Each structure stands twice: as C-alpha cells, then as structure tokens.
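Shared between the two complexes below is chain A, which pairs with chain B and chain C, respectively.
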Partner chain A sequence: MLGRATEDAAASPAAALTYPFRGDHQAGIVTPAQERLHFAAFDVTTKSRGRLVALLKAWTDAAERMTRGLSAGEIGPVEGAVNLPPDDTGEAIGLPAGGLTITFGFGPGLFRDAHGKDRFGLADRQPEALRELPHFPGDNLDPARSGGDLCVQACAEDPQVAVHAIRNLARIGFGTVAVRWSQLGFGRTSTTSTDQSTPRNLFGFKDGTANLKAQETAALDSHVWVGTGDDARAGWLAGGSYLVARRINMTIEVWDRQPLGDQEGFIGRTKGTGAPLSGGDEFTEPDFHLPGADGPVISRDSHVSAVHPAHNDGVRMLRRGYNFVDGTDALGGLNAGLFFLAYLRDPRTHFIPVQLRMARIDALMEYLKVTGSALFAVPPGVRPGEYVGQSLLG
Partner chain B sequence: MRIPLLAALFLTVPAVAACTQNTNGGTGPELGGGAITVTSTNDVCEVSATEAPAGKLTFTVTNGGSEVTEFYLLGEDGRIVGEVENIGPNLTRELVVNAAAGKYVTTCKPGMSGKGIQADFTVTPSDVAVATSSSQDQLIHAAEEHYGGYVQEQSDRLLAKTGKFVSAYKAGDDAAARTLYADARTHWERIETVAESFGDLDPKLDAREADLEPGQKWTGWHRIEKDLWPARAERYAALSTKQRAVYADDLLANTRTLDGRIGKLEFTVDQIANGSRGLLEEVAKAKVTGEEEYWSRTDLWDFQANVDGARVGVEGVEPILQEKDPALAKTLSARFAELQKLLDAQRVGNGFRYYDELSPDQVKRLAGAVNALSEPLSRLTAAVLS
Partner chain C sequence: MLGRATEDAAASPAAALTYPFRGDHQAGIVTPAQERLHFAAFDVTTKSRGRLVALLKAWTDAAERMTRGLSAGEIGPVEGAVNLPPDDTGEAIGLPAGGLTITFGFGPGLFRDAHGKDRFGLADRQPEALRELPHFPGDNLDPARSGGDLCVQACAEDPQVAVHAIRNLARIGFGTVAVRWSQLGFGRTSTTSTDQSTPRNLFGFKDGTANLKAQETAALDSHVWVGTGDDARAGWLAGGSYLVARRINMTIEVWDRQPLGDQEGFIGRTKGTGAPLSGGDEFTEPDFHLPGADGPVISRDSHVSAVHPAHNDGVRMLRRGYNFVDGTDALGGLNAGLFFLAYLRDPRTHFIPVQLRMARIDALMEYLKVTGSALFAVPPGVRPGEYVGQSLLG
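Right after this comes the complex of A and B.
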C-alpha cells in the first residue's frame, strides 16, 4: 500500500508534525495554531439517527487516518480496483500529515429544526447556550455563509492537506449531510502556544497577542472548556467547548487609506512592534489609565480597549482565526478579511456581551462587515474505541 | 474615517498646527541638516542639535520616560510651529516641520502638563524658501471661514427641507414625500462627516435597520424610507397615520437639535481635509455598494452629495495646497472631474437613476473612480499641514 506517510517528501519539520486525534479534548483547539485552514459547515439531510451515528463513526475513522498522514479510506488513492473510484481523492499523495487536526462541532439545528421540532431525539440534551446568535450591529449576514448543523475544522501546515481532509469527509457524508458553506483560511492570525510568534491580520497588525495559550491550563478551564456542572441537561459537553465562527470582511481599500497614526489609534497598538500605545513591548499589559492629550493615550474606542478582559468582566476566549481572501468582489475590491474562530466556555458570558460592546464602541467596526456567523457546541475529545460525539449520541 | 467619538474635536478653536506633520517612526527621515533626534524622559529633554538650516526639519522623538510625552517646536513668540502628541513610554514619533530662519524653542512635556522642558533652537538661513507664516495664516483663516459657512448653509437647508418632507409624509402625500426624501437628504450627505459626529443624534437620525442593537428602537430617515418604499420588505405592516406623525416629528426635532449644534462649530483645516476624505469613505462603504438607501434605491443622490461636500472641502483648502503640493491639487481636480463625468451619465431630470437600474459594469466603473480619487485624497491633510 502506498501510504502517504511512507513516501518521501522534502518535508519541513512542521510538515512532518502529527497530533494525536484522540484525547481528553479534541485536537485543533489548544494545538499550536497551524498556518492553513479549511472549515466546512454541513446540513444534516437524513432523518435517521442511525445514519447520523454511522456517519460520525465513518468520519472518526477517516479523520484519525488522515491526521496520521494516511489516506481517507482503507484502500488508498491508487491501490484499489481500476473499475472503481478510489476511496481517497489522491491530492495528498506524497504529502506528510502536515500537523493536520480535524475538529467537529454540533450546531443548534442538529437538535431542533427551524420550527423547534426535535430531529433526532436529542432536543432534551440541547445545551442551553447553543442557540442562534442574536443579530449584532454591523452584521450583514449571508444565509449561505451562516449556520449549519455540523461543522468540521481542518487545520494543517499545508493547505492541500487541509482541503484534502474536508473534501474527503464531505464525500463520505453525501447522502447523510450536505455542505452548507465552507471557508478557506490562508494564514493563521492567532497564537495558541507561547512558542509561536504573533502573526498579522490583513489590517497589517499583530493579532492575538493576548490570546489564551495552551500553557495556561487554569485559564483554559475557566474560559474554554465546558465544566461538568455547567449545564445539567448537556453533561455530554463537559470537556468540550463552544465554537463561534464569524466571517468578518474588512473594507480593505478604505482601511489602507487611513494614516498610520489613525490606524494605530483604532487598534490601540503600534503597527510595527505591536506594543500598546501606553508603551513597552508587544507583551506589556496596556495601561488604559495613562493619560494622553485627549483622554487616555489608548483611546476608549480602540479595539484593544473595547475587547480587553479588563473591560469585559475578565472573560477571555481562545481565538483561532485565519486571514482569508476569496478573490475580489463585484466592485473590484478584495473580498477579504478575518475568519474569526473562537473557542469559549459559554457564548452567553464569553462572546455575546463582548461582541455587543465591540459593536457599540470599537473604532474598528467602521472597517468591518460580518458576512457569516455560526455557533457550534464542540464535544469533548474522542477516547480510544469511541466515535466523535459518542457522549451525545451513544 | 471614524468620527463619532471625536465630536469634541470640532469644538476646538483655530488651527494651531499650521505647519505640522506628525508621523510615526516608520517613514524614512530625510537626512541631511534636517534630521534631529530628541529623547524625552521624565526630567530631561535631550535634543541632538541646537541649530539647523531652514527648510524641512525632522525631529525623531523617543519617549524614554514613564509618562506620555509631547514635543513642541515653538516660535520665539510662543506660537506653536509644530507638535507631536501622545508619545507613550518607549515609543518613537516623528515631527516634520518646514521652518524659516529664526529663533525657536524646543519643548518636551512629559505628563503633558506645565510649561515643559524648554531649550533654545536656532534655524539658520539657507537657500530653501519657506512660506511665511502670515500669508499661510490668511489662507487658513479663509478656508476655515468658507467651510464653516458652507456647513451652516447645508444644515439650514436640511432643516427647511426636512420640514417639508415630514409635512408631506404626515399628510399621507406619499408621492410628494418620496420626491422630497432624496432631495432633503442631499444636504445631510453633503456634510455627513459633521452631521454624524454627534454620537447621540446620528443613531436616531440615520441608523439603518442592520445597525440596530437588540432592543434598540429604530427611528429617523431610514425608518420612514422603509415605510415609503416597502417593496423589498417581507410582510411589511405600513405605519398608521398616528405612527407616521411620531416618527416624522421625532426626525424634525432631532434635525432641529442638530442644526443648533452645528451653528456652534468651528473647523480647522485638518478637519476640513479629513472631512473630505471621510465623505469619500462614506461613498466607498455605503453608496457605491447600494447599502445606504436599501429601500428607496436613491443611493446616487447621496453619492453625489458626498462628492459635493468633499469637493467643497478640497476647494476650500486648495489655495494652501497650491503652495504646498501643486501636483496633488492637479491630480485631485482631474479625479473629481472623472468621477463627476460618470455620475453625470446617470442623471435623470433633477435626480439620478435608481441604484437597481445600474448595470454591474456601471457600478464597477463608479467604484473604480472612487478609488482613483480617494487614494490621492488620503494624502491631502498631510500635504495641507506640511
């Protein structure tokens, strides 16, 4: 068998990375953020709980194989019968695992349909916090880029590996699920490990400096992982998390015409080093009280002030977003921005109030337009012998 | 351009920073006699030179102290020739000034209070010509007067036409109200960056449905717009006569409040130049995209009005620009004309085609002309203040 991992590739150390698929928590959350993303949301088209479970089992097998650098199916892209389509699509032949992680989530529509009707006998286990997000000012949502009953986040160091994963999982799902929307991300905008340097978003600024990191285990328990007692009806979610996905378009051309000093004022940090405008280096805590010429030197409507935990009841999230460029729009402008992904313990405390505050005061909102939005409950890790979501469906 | 929370700035009095351009450390200082470094600490203001030849001087100011600092170049009479504010600890900012020969004072102001730490500074004669400040001051003063008058005139006409509009709307004369709607809003859009600078009034007057927070009541122009043009709405319930009166009276009262506040404003040249830039940003974000007038599709009226206001701002500062950067003045004039030509092609009678009557190609060409104008326009403020 022509296994992917057995074939030589001029692989960088990152490309050779593998992360275990199984564990207490799903991979792809605190895993050091990989460079590339393919994210897909699915509508469940079957009415059969059995078929849904069968799909999750098949997805578990395929995902585990691909994260080890193996083909999606057991036979392989070129090892099968010539009169049959291969059980792996083949574009990852010769590519190592590339640090691939595949993370699964469940949307509100898995539990109840649009009329509130129980779909798979799961309604009484729907987490209290798993509801459609409210409309936020600045939202201009495209239904074709929003929502979904299931989601799959594939992250890798190699974009072809991430796309291969989503493509093969979608294929396995045909007949049970249909792709609702998907999003490519070409560059990470967050660090989730203290070993990583801070990347830049498409505004040209360092993003995610103060992000939650894998090493902060106590903070992860407080802000990312759902606790055992958090929701009596959704005990199955303990050890899991909530995932907020928001496709945030940037009005790139307008932003680019802002003077540098204004750009830094909107963000509250310098563009070069990422230091807060109150001084120091990138990792110096911002001083929101240091007086400037007209109010604090870090303006109250700057992004860093708007979303800082100090102004949001101390809540933090683990951001894992990606830059995206989906070509150009009808006006010839870049259809580009930040595909915001954040893992958090409860959207009602850790996302909705922060987003509302941001919509109300953040100077950056002038340059942002949210075109897609979705919320998912991310089940805990897959333990040996289990399939993903077994704590809910088993 | 973000304006709402900066409304207070419009209330400040005359331009102090006539010859200022403060930039960040990233731009390469023009080396030669003009590059000077300044280190400001809590108790020392160390300037690398005590004299420089007349012309463009670049002060690279680093804050080595623990408080926010400022750096000023003052004339002998205490007049501010140039300033750079809000330099946080460990940060570096640049001050670029065009200085004529004469005696000056450098000042660091750690903590931004008191007289600061001062030292004499001499600009020696050179063969670089620097415009005298008095001729500049006159041009600046004229530009400020001119723009202030324009804003007041537009505000007055907005109030008058809003009165007519709400009368027709309340009386149920929808055809008249629809005609008056875009015409009245023209006066709002011409001064939009000023009008929306009042963070309390703007949401009441100009919020679009998508701008609302959960629980926020929708009032103002666009609420009435939807009632007059409900065609794109799903299952829309028309407002009753009584409801109409409530929204109409509210719109007029808030417009009256706005007009009263605008009467108290004064404008500095940098605000005028920034306002022109801001108006083109409004075009780029909401008008050329057809998002502003979602129900009425009268986006091109607003588009034209934003361009009108931007052009008045540019024309007002043009005498200054002609001295500072004649090439930029020429480019702006040509780009305004190109954009206007495309807009003129869409005129119908006293108005324009509705947005949904434009072809994708026409919209794209308009967007291209907006970008072509906006790029040089984004350099206007720095040029005028140089």
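Right after this comes the complex of A and C.
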C-alpha cells in the first residue's frame, strides 16, 4: 500500500514526530505547541444519536491513524476500487506525521438547541459551565465565525498535514456534520513546554512567557484539568478541560504607527527581550509597585498587569494560540491577529472574569477587535478500545 | 542592535537559506519554490510620480535587507527612540532569513486609470500584453480579490517571515499605496528545480510534474523571460516576465466523493505515482494515442491533455502556485484551492489560449471556480545601485 510517510524520508526531526492519540488526557493540550494549526467548528446536522456516536467512532479511528502518519482510512488514497471514492484524500501522501495532534471538543449546542430543547438525550449531562460566553466589551462577533456543536483542533509542524486531517474528518462527517467555520494559524504564539522558546505575536512582542507549561503538573491540575468533583452533572468531563477560542483581530496598521515607548507601555514589557518594564529578563516577575516618573513603571492599564494572576485571583490558563492573516479587510488593512486558544478548568472562574477585567482596563483593547468566539468542553483522553466522548455518550 | 537572526541559531538548513536580492532577473521566479507564500496586491493612492519612485526605492532597500535576514529598516524593531514608531514591526526578531525572496510586479493600472488616462507619464511605455485578462468561462471573480497596480510576492520557508515582509512593505507604503488584496499559501504546489520532489495539490494529486525548471535555461529564455525585441514600447521589461495570478477555488467536498477512477480520468494521471494513465512513471511523457476500452486511455478532456504543450502550440509556463485554505464558504465547505501563479513571456501566447482551451474542454473545470485574477509585468532584476522598476521609472 502506498501510505503516508512511506515515500520520502522525514525531512526533519520535527516532521517525523508522533504523539500518542490515546491517554489520560487528549493530546494537543499540553503537547509542545506545534508550529501550524487548522481548527474547525462543526454543526451537527443529524437528529440521530446513533449517527452521532457512529461519527465519533469513525473520527476516533481516523484521528488515531492520521496522528501515526497513516492515511485516514484503511484502504488509503490510491489503492481502493476505481469505482469508489478513496477513503483518504491524498494530499498528505509522502508526508510524515509532522507531530500531528487532533483534539475534540463539544459545544453547548450539542446538548440543547437554540430553544433549549434536548437534542440527543444529553441535556441533563450538560456541564454547568458550558454556556455561551457573555458578550464582552470589544466583541464584534461574526456569527459565521462563532459557536459550533463540535470542534476539532489539528496541530502539526506542517500545515498540509493539519489541513489534511481536518479535511478528512469533514469528509467522513458528511451528512452528519457540516463545517461551521474554520481557521488556519501559521505561527504558534504560545509556549506549552519549558523546552520551547517564546514566539512572537503580530504586535511583534513575545507572547506566552508566563504561560502554564506541561512540566507544571500540579498547576495543570489546579487550572487546566476538570476535577472529578467539579460538576456533579458532568462527571464524564473529569480529566478533560474547557477550550475558549477567540478570533482577535489586531489593528496592525494603527499599531505600527505607535511609538516604541507607547507599544512597550501598553504591553508592560520591552519589545526586545520581553522583560517586564520593572527590569530583569523575560522570566523575571513583574514588579507592579516599582515607581516611575508618573505612577508605577508598569502601568495599571498595561496588558501584563491586567491579566496577571496576582490581579485575577491567582487563576492561570494554558494558552495555545496562533497568529493568523486572512487576506485583507474592507479598509485595505491586513485581516490579521491572534487566534486565541486557551484550555482551562472552568470558564466561570478562569476566563470570564479575566476577560471582563481586560475589557475594562487593558490599554491594548484599543488595538483589538474580537470577531469570533466559542466555548467547548473537551472530554478526557481516549483510552484503549474507547472512542472520543465515550464517557458522555457511551 | 537586536537584529533578525541574531537570537537563535537557525532551526534547520532551509531556515538559514538566503537568496541574493539583486541579479539579472528578480529572485522568486526560478528560485526553488519555498514552502510558504504571502502575496499582496496594492493600489497606488498617490498622484505623484516622485512619491511612487521614492516608495520603490524604499521598498528596494527594505526588501534587500529582509532577504538577508535583517530588519526592514536600519534602526530595527527595538533600538529606536521611544517616541518614534520602530522601523521594523518585530515579529521576525530571532527568525533567520528563511530563504525569503521578494518579487515585485506592475499591473495595468499603474500605467492608465480605469478611464484610460495616463497616471504617471508611463502610458506610452505600457507593454502591449499588459491588459486586463479577458473574462474566461468558469471565472466568478471577486473584484476585491482581483487586479492591483503593484504586486509583491513574498516566499519563504517560514510563513511568519513571509508575512513580516509583506506587512513591513505595506507599512512603508502607508500614504502611497494601500493593500488591495492579499493571499497566504501554505503548501507549494510546484517544482521549479530538478532538485525538488513534486508536491501535491488539494485534489490529492502531484502537481507540477511537467513544470519548467530553473535548470532548463534555454526553455526559460523561450517561455519565461521577456526578450529584448519582444515589445518596442516596453524595452524596460526585457529580462523580466509576466505574472498571472489566479485564485482557483476547488469544490473539495464534491471532488472527495468522486470515485478514484473518475478522479484519475479527469487528471489523466494516477493519483499514487503521478504517472500518465498511458503508463510509465511520473516523468514518462503521456501517450495521447494509446487506445483504451472507450477511446484513448488518456481522455481528450483530461487535464493533462488539455494543457499539454503538444496541444498548445508548444508553450510552457513556469508555475509557482500554492495551496490555500481560507476558512469556510457560505455552504459549509472549505474555502480552499490553488493560488495559481505562473511566470511567462507573453500572456497572449502563453496563457490566454491555454486558459480558453482548458475552459472549453478540461473535465476538471467542473470542480474549479476562479474567484480572483490579476496580471502583472515583472521588471527585470535589480542591479547594484538600482531600485526595482528603475528601467521603467528612472
């Protein structure tokens, strides 16, 4: 069989990477952030719980295969009967696994429709925290880029591998789900492992310096993984997480005309090394009390101050965002920004208050416009013999 | 100075690549196709020829710097006065040159406005072949994704490097030009060097097997480079080329439901190895006369037959396209396809007839919808001390 990864040798160590699909937690959360992203949200179009379960089983099989660097189906892109569609679309023939991870989530709409009606007999297991996010100041949401009953996050070192994964899952889901929106990200903006250096977002600043890291296992239990006692209705979510997805447009052209000192003041860090304006290096803790000429050196309305755990009841999130450029906006600017992804234990404590505080005081908000938003419950890892979401649907 | 490429060692040999910006021809044409693309078309918003020339000089300086892995301006992203905007946006700090090439082109609108009026005293030097392309069957053009007075093609191994280049050129051009449209491409679909293996497009097929290669210097002179005697009005274009840009959406979801045999029949090649259906391997010449059960094995309406030089007066082009996925279309399909880029000596002989023939007979057209289109004259290479376009504007 002409499979994946059999034609060429791996181009680089990163390309040859594989991560196990199964485990206690889903891959793609604490996995060292790969360079490329294709994210898709789906609407479920069937009324049949049986078809939904069948899809999740088929997705599990295909996802496990693709993360191993194999074709989406057993027959593959070119070995099938000539009178049947292939069970893999072929654009990843010859490409290694590329560190692919595929992570699944469930939106509020999987449990209840827009009228509150139970869709698949799951309403009494809907997590308390899995509700549409409130409207935040600065939100300018496009419904066609928001929400979704299911989500799939595909991360890989090669964008063609990530696109191939989403495309084949969409193909398998035809008739059961339809793509609601999808987003490509080309540069990771977060560091999820202490082995990774901190990348830069499109403001030109290092992003994710203080992010939660895979190595901080106790902090992950406190801030990322849903605990067994967190929600009596939703025991199935223990070991899972919540995923907040926000498409944050940056007003790139306006930002680029701000003086360097103003840019650094808005962020609260230097642009070069990423050190806090209070001194030290990138990983020095900011000193919010160090006085400057006109109030503290790190302004109260700086981004680092607005979102710092010390000012947010100690909450932290595991961010996994990507830069995006989607062509041009209507005004001749780049349609560009940060596709913010964050995994956290409870949006009511770990996201909504932080976002409200940020919207209220963060000087950076002037350069941001949120154009898409969604919340998903991310089930725990898939154990041998199980399918994704079995703890909910099984 | 904290420049580019000074912070981290190059991650891979490809990342450390640099190509000279200056030469007889512009880089980014026969340069081995890099993995990532950011392409932008600009409208010129000034009426001043002097400001246009000043921009081209500033672009030349910045482009040469960035292709060497340096910041866009001499001061750089973080060393300037705090009360001035930086002369580089910073998101490429620490990233090596990544094989960046920056290639410039001039659209018909640079010479005459929509009413035929001379804009910058250049009308009598407008190349005869530089006219808006005719409407082709299958065109469903979005004006906001078509045309442009200037274009910049940035190719690199790292998308953040390509995006940084376009973004900084747009920043430098503020007040003189505005971005009209831009397109990211994530996977090259063409091979421009015999050293490169043939990649796959989103139909899952190898693409570019028969492409012109950098090594075929005589064929490049015949088919890609404008000759000194080609156009008496436009001697300035000798050593340059024409660039056809076409955004070709693929109806991915419909394609994926076609039987393998039909897919191969539409293309005229096997999906696995890319060999013509008449036999051999990828690089075997197709035999359009070999009989099959029902006419020739390679159907007359197959893509390979429609576009083969043997059926198109021997013309060839140098293709340099990229796959794209731009989220989702209104029907829940992926907004995806091929961003077709081709360099050729004369669109009247090397593109328009081929495209008309393809539109008339190519079975693949049923799965394609062209949503953007533009034609540019690509001036010759920039010699030491010159600026891009000096042969036209100097």
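Keep this in mind: the second predicted complex is superposed on the first by the 392 of 394 C-alpha atoms of A that agree within 3 Å, B and C clash if a C-alpha of one lies under 4 Å from a C-alpha of the other, contacts with A are read in each partner's own complex, and residues count from 1 in each chain.
In this section, a contact is a pair of C-beta atoms (placed from the backbone, for glycine too) under 8 Å apart; a residue touches a chain by one contact, two chains touch by 3 or more.
In this text, all values refer to a predicted model and were calculated from it rather than measured experimentally.
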Quiz item: Which chain, chain B or chain C, is in touch with more residues of chain A?
Solution: C
Exercise. Would you check which partner chain A:Phe283 touches, where first means chain B only, second means chain C only, and both and neither mean what they say?
Key: neither
Exercise. Determine, under the contact definition given at the top, whether A:Ala293 touches first (chain B), second (chain C), both, or neither.
Key: first
Quiz item: Does the superposition put A:Val254 against chain B (first), chain C (second), both, or neither?
Solution: first
Exercise. Could you tell me if A:Gly332 is touching chain B, chain C, both of them or neither one (first, second, both, neither)?
Key: both
Quiz prompt | Partner chain(s) touched by A:Pro134 [first = chain B, second = chain C, both, neither] | solution = first
Quiz prompt | Touched partner set for A:Gln183, first chain B, second chain C, both or neither | solution = second
Practice problem: Would you check which partner chain A:Glu366 touches, where first means chain B only, second means chain C only, and both and neither mean what they say? | Solution: first
Exercise. Applying the touch criterion given at the start, work out whether A:His38 contacts chain B, chain C, both or neither, answering first, second, both or neither.
Key: second
Quiz item: Can you list the residues of chain A that touch chain B in one structure and chain C in the other?
Solution: 253, 257-261, 264, 270-272, 330, 332-333
Practice problem: Mind listing the chain B positions that touch chain A in their complex? | Solution: 1-2, 5, 8-9, 22-26, 63, 66-68, 70, 85-86, 88-91, 111-112, 210-214, 277, 281, 284-285, 288-289, 291, 360, 363-364, 367-368, 371, 374-375, 377-378, 381-382
Self-check item: chain B-touching residues of chain A, taken from the complex the two chains share
Solution: 134-140, 251, 253-254, 257-262, 264, 266, 270-272, 275-281, 290-294, 297, 299-301, 330-333, 356, 359-361, 363, 366
Self-check item: chain C residues within the chain A interface of the complex
Solution: 2, 8, 12, 36, 38, 40, 43, 77-86, 88-94, 144-145, 159-160, 163, 166-167, 170-171, 174, 178-184, 186-187, 197, 200-205, 252-253, 256-261, 263-264, 270-273, 323, 325-328, 330, 332-334, 336
